[in-house]
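Here come two complexes built around chain A, the first alongside chain B, the second alongside chain C.
Our next item is the complex of A and B:
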């Protein structure tokens, strides 16, 4: 049995994201959409796995804006729907979201944003909570795994109560952590879709779904928010724990609640400090805040990244200062907590300890001294492309073409595993100096290419992954082609959304539900806009380098090279080796070779190691994926390959 | 060996390098303990940040309460390492005089070591550091055992078997067999049970025991 369908009352270990998925199922979800992004992907993945049995429609959409639009159509037709994305996905969806909130919704519609404080798997520390305030959308934040399920379920009910979209926000340490969850019943009835639109313009349940008349509908929405506030006042998900009159009141939400509880236990302050845990963080319920802020003179707000909760609590506290008195606030504004990076129990313990003048316990000084000595011996383990990764071969080709061209060409980067070429520059052989949001590499490249009149005369390249191509690159590519930007555009096509776990994308003939669907061919799209297109295998070093060198020399407009080779971790490749690779020690000249250890010093494959005692290169067979690319790079032909098991 | 029944929270860190099956191992352990009635939390990081990098799972086993998915500094009771350098790295943040370490012996060299910019401590130095920083330690060659059984990735199951034999976590062979039946295809079960038993045997025979130093 799929554990997502566990029976009523059973206790199951769920990933935070699975708990969200289960909550949606308990609410009678019909349609779920999303775009893969860490730490959000498992919500849609786990729902896709039970779609047939629960009669769901689940799709990986081309991007987050389209995901929300597809989910909204289900809501307009009376069904319960959910769109799931990572924090910066909300930025992508936000234009539609602004208009959606103005038009209102019908069936419960929940936007799930799984965010990444500390940017563990992101190149930003985006905060979508501010969208809740800016776009006036109720915001819920679960503080443990059970709540992740229960709040999701409630989010659908709340959405139908106010006939508008509700946002549920999780973070990496909730989405990608696991814990016990007690399941409730799965509904047995399902709704029929029906879309009505001939009612009055101001009636969002029967009239047209539009944002106009704008001001009138805006006022109507603001009235609904009063209903939300009233419901939040009574919500059992907001809880106070601690003494009636604590020496310090901590106001917190999300996984930070668990950090605060841990910190109090570390400091032995459970009887001195109270915790107000809020699950409904926008709009804040004022009467609940008033009752609890009265408890203490000192208030610490604990939250991750920006001081969103702190600001909102302070606004309320200043309005009610006449009744609750003047408070001393601690948080991000006064530097008690950092305003960047994720939190953990230690950071929270230091903050609370600082206010309460209590120090967390540490091991004895002699132990810490030994730790310090040991730390000096531990080499850093930097991120790198996996053994057998096609991106290493692609960047090796790019490096070679740039060197042969001799004009210091460079690459504008994009979002995927290949971002590592920028994050850890030696991994990309120092070719990729820019990295921003999805699709931005191509937009930037088109811009750089127009600067020759101002004296910037270097060959400009851009890379993107196959999934990224569909998500946000196409407009930038059309812009480059239409404005005659001279760029070499390289698609690193590894046959799936590899970084987030091989979710299908529009280039593949399979859907999230494993149905056969038409594949949209990248080469055809590029040819359709009039660009020159070539396709190559990045493992063919000579062939690929030649195309790239020719492209760099060729003046003109957009030149496209699609480099096709599946990810080394893809299900079809994992555990299999195309080649068995080894070093012929008689041919390896070691340090005496004129190459200055090109194989291990520059190529940087984790499977191609250096035996410093014997001064020879060695292939680690346990790590080697058998791609055979290193055979092409050794000037002595000392690396040899034989047919493997694939 | 007598099982420790945690009256208070037991904190275990499972560490290694991306691709060693760390996430799978922590979920198998957690699954068994949830079924045994404990409140379990696993904190994991996975995604792009872990490509070739260190991977850590924080497993917290509590009799009654949901814990923070991140263990506080100096707070580990047990460290299980699929790669020895990673055991040392974790000791430097989560170690304490009472911690127990179970480590694989097989190194996975960081890129900086491969390029020659950084050094990798010898096995003798790593063992010496374990003896200074842990109350007990075991080192077993789990990767070789995996290779002998046909797949180096089985080293994670070998380590789970070894952990069972140390008695540091309240689970046994029967619980493991029941747990893997939930997720693994039937044709993989006997191989995984062999890997589990191999790990147990390695602890029983362990000649480089640093136990009770």
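Our next item is the complex of A and C:
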């Protein structure tokens, strides 16, 4: 049995994201949508796995905005629905979200944002909590795995209570850690979808779903937020623990609650410091805050990245200062805690220890010495493309084309595994100096291409992955073509959303539910725009290099090259080798003039290693994926290949 | 700080300084450098402290006076023309060959003779690739030599092709070289780099007189304005008596004033001080003096420089491959004056670039200080 369908009262070890999925199932979810993004992807993946049993519709949408729109349609029809994304996905969805909140919803609608403090798998440290305040949307933050499930379930009820969307926010250490969860019953009845729109304009349950009349609906929404506040005052998910009159009150939410508990235990301060753990972080319940802020003179707010909670607590505290007195606040603003990067129990312990004048216990010196010894054994590893990664071959070709062209052309980067070309420049052969949000590479390239009249006369390229192409590149590509921006646009098509775990995308003939669906062909889309299109295999170094070099020399508007080669880790390739590759040591020139370790020093596939004693290149056959590209780059023909098992 | 590697120095002191002659000496030995559309392109960074690319380049600092003394009989050396063992006019004895040749067909006749007599197995000449761009081409069939006899005033990366020849076959390869290419080959013959390069044997070098060459890509654009596809260009010449460049294709012949050609001259040629291929075994150029222009067009001036060159010419006399006649009175003096003028201009441009009379860029120990020689 799928563990997501575990029976009532059973205790199950769930990944945080699975707990969220289970909570949604217990709430009677009908439709779940999302766009893959670490650390959010497992919510949709695990729901897709039980879709048939639970009669769900689950889809990987083209992007987060569309995901929220698809989920909203279910809500408008009275069903419970959820849209799941990572932090910056909320930015993508935010335009619709602004209008959605104005129109209101019907069936429970929950937006799940799984965020990445410290940017462990992101190129930003975006904070979607501010969207809750900016767009006036209730915000819930679970602090453990049981809460991840229970709060999700409650979020649907809250959404139906106020007839509007509710945001549930998780972070990497919640989404990707595991904990025990006691399950509740899964509902047996399902709702029928029914969309009404003939009622009065101000009636969000029977009238048209629109944001106008804007001011009237805005007022109505703000009244509903009073209901939210009242419900939050009574919420059992907000808890105080500690002495009645602590020397320090810590206000916290999310996994930071666990860090605070661990820090207090490390410091031995459980009896001196109190914790107000909040799960309902916007809008804050004022009376609950008033009761608890009264307990102590010193208040520390512990949260990750920006001082969102700190600001909101301070605003309330200043309004009630006459009743609770003036407090001394610690947090991000005074530098007690950093406003960038992840927190952990050590950082929190240092912060609390600093305020309480207690030194955290340090491990014995002998232990630290052992740690130091062990750390020295860890091999230094750089961020790089996997062995057999098509992106390595693609960037090799790009670098060659830029060098041959001779005008110092460059590539505008985008979001995917190929972002590594910017994060670790040697991996991309120093070709990709920009990296921003999904689709931005093409937009930027189109902009750079218009600067020749101002003296920037370099060939401009953009890359994007296949999934990114559908997500956000198409408008930028149309813009470039329409405005005659002379760019070379390269799609690194590795046949899946590789970075987040091979979720399907519109270019593939399969859906999240494993149904056969029509694939949208990238080449056809580009041709439809009017761009010149070529398709090549990046492993064909000469062929690809020739097309790229010709593209750079050619004046025109958008020139598209689709480089097709499946990811080396894709299910169809994994564990199989097209070629068995080895080095003929008699021919290997090593570090002599004439080669100077081209394969291990410049090409740098992790499967190619340098035997510094014998001064020869060696193929590590365990790591080697058998793509055979290194055979074509060796100047001595010293790397040889034989037919493999694929 | 770490001293920049050989490749980085090549970039800094040659490529970035516009001193690259496009001879191909730094190419064909490794995966890091290629010639592409007449440019020397560094594809990837090499960090070796010393390398053949830097050492073989004719525009990295070199004591050419010392090199001349090493490779030639010091008694033959002249200030203006380098080694001179003999000087005369010549043309191919085969009239058919002369018709297909640039001037007298002397180069083609000498290569053909060397091949027929087994002195060389292969000739390395300037040919074209599929795109019509010049490239060093190996010719093993004597009958095909005449197809490469015309001059196009564009440097072909011939030395790159030489670099790709198996070491054992080099001795038996006859190379047609511009002055810069002959300099590169002289450096290849003598260069020693620890652990990577030993002095290498180089076969017969037949040098071409050269005043300048054209920047191929720029010139290609110009030709296209005149509707002459680059690939259709059969030959170029500066006919004696005119200040015009003659462009010949199968379709038409164009004359262009040399003043207008000037902007298409390869920048690096302005810093050259060798117009007669001083490092060749035999140097051949158009006859320019002492006769009426029409007659001169059919003859070459020939400078014999080395013992190997002398033997080849001797053989040509014996086998009747060349018609040889004594140069008219004053011809050698005129040639010396022209060569000295090229040196003067080259040095002037070098000093203008370096900003100092003491810094002659790639010329080490050059000039009067390097020692007066007896003129022959």
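Just so it is clear, the second predicted complex is superposed on the first by the 628 of 646 C-alpha atoms of A that agree within 3 Å, B and C clash if a C-alpha of one lies under 4 Å from a C-alpha of the other, contacts with A are read in each partner's own complex, and residues count from 1 in each chain.
Note that a residue touches a chain if its C-beta (ideal position, glycine included) is under 8 Å from a C-beta of that chain, and two chains touch if they have at least 3 such contacts.
On a predicted model such as this, the values are computed, not experimentally measured, just so you know.
Undergrad: Putting chain B and chain C onto chain A via the overlay, clash or fit?
TA: These partners fit in the superposed model.
Undergrad: Taking the superposition as given, does A:211 touch the first partner, chain B, the second, chain C, both, or neither?
TA: In the superposition, A:211 contacts neither chain B nor chain C.
Undergrad: Mind working out whether A:91 is in touch with chain B, chain C, both or neither, as first, second, both or neither?
TA: neither
Undergrad: Just to be sure I read the superposition right, which of the two partners does A:632 touch: chain B = first, chain C = second, or both, or neither?
TA: neither
Undergrad: In the overlaid three-chain picture, which partner chain does A:371 touch, first (chain B) or second (chain C), both, or neither?
TA: Only chain B; A:371 stays clear of chain C.
Undergrad: Output check: A:121 vs chain B and chain C. Expected answer is one of first, second, both, neither. What do you get?
TA: A:121 contacts chain B only, not chain C.
Undergrad: Using the superposition on chain A described above, determine whether A:598 touches chain B (first), chain C (second), both, or neither.
TA: It touches chain C, and chain B stays clear.
Undergrad: Count the residues of chain A touched by chain B and by chain C, then name the partner with the higher count.
TA: B
Undergrad: Once the two structures are placed together by chain A, how many degrees is the angle at chain A between chain B and chain C, based on Cα centres and rounded to a multiple of 10?
TA: An angle of 90 degrees, rounded.
Undergrad: Contact-wise, after the overlay, does A:578 reach chain B, chain C, both or neither (first, second, both, neither)?
TA: neither
Undergrad: To be precise, I mean the smallest distance between any C-alpha of chain B and any C-alpha of chain C in the superposed model; what is it in Å?
TA: 12
Undergrad: Output the chain A positions appearing in both contact lists, the one against chain B and the one against chain C.
TA: 601-602
Undergrad: Spell out the part of chain B that touches chain A in their complex, as residue ranges.
TA: Within the complex, chain B contacts chain A at residues 17-19, 27, 30-31, 34, 39-54, 66-74, 85-86, 88-89, 91-92, 95-97, 106, 108-116, 118-121, 125, 129, 132-133, 143, 147, 151-153, 182.
Undergrad: Applying the document's contact rule, which stretches of chain A touch chain B when the two form their complex?
TA: 3, 11-13, 38-39, 120-121, 144-146, 172-174, 176-180, 255, 258-259, 261-262, 266, 344-346, 349, 360-364, 367, 370-371, 374-375, 377-386, 417, 419-420, 427, 499-500, 569, 575, 597, 600-602, 604, 606, 608-610, 612, 620, 622-623
Undergrad: Could you list, by residue number, the parts of chain A that touch chain C in their complex?
TA: 399-400, 403-404, 406, 429, 591-596, 598, 601-602, 633, 635
Undergrad: Sort out for me which residues of chain C touch chain A in the complex.
TA: 6, 29-32, 34, 36-37, 39, 41-48, 50-52, 193, 195-197
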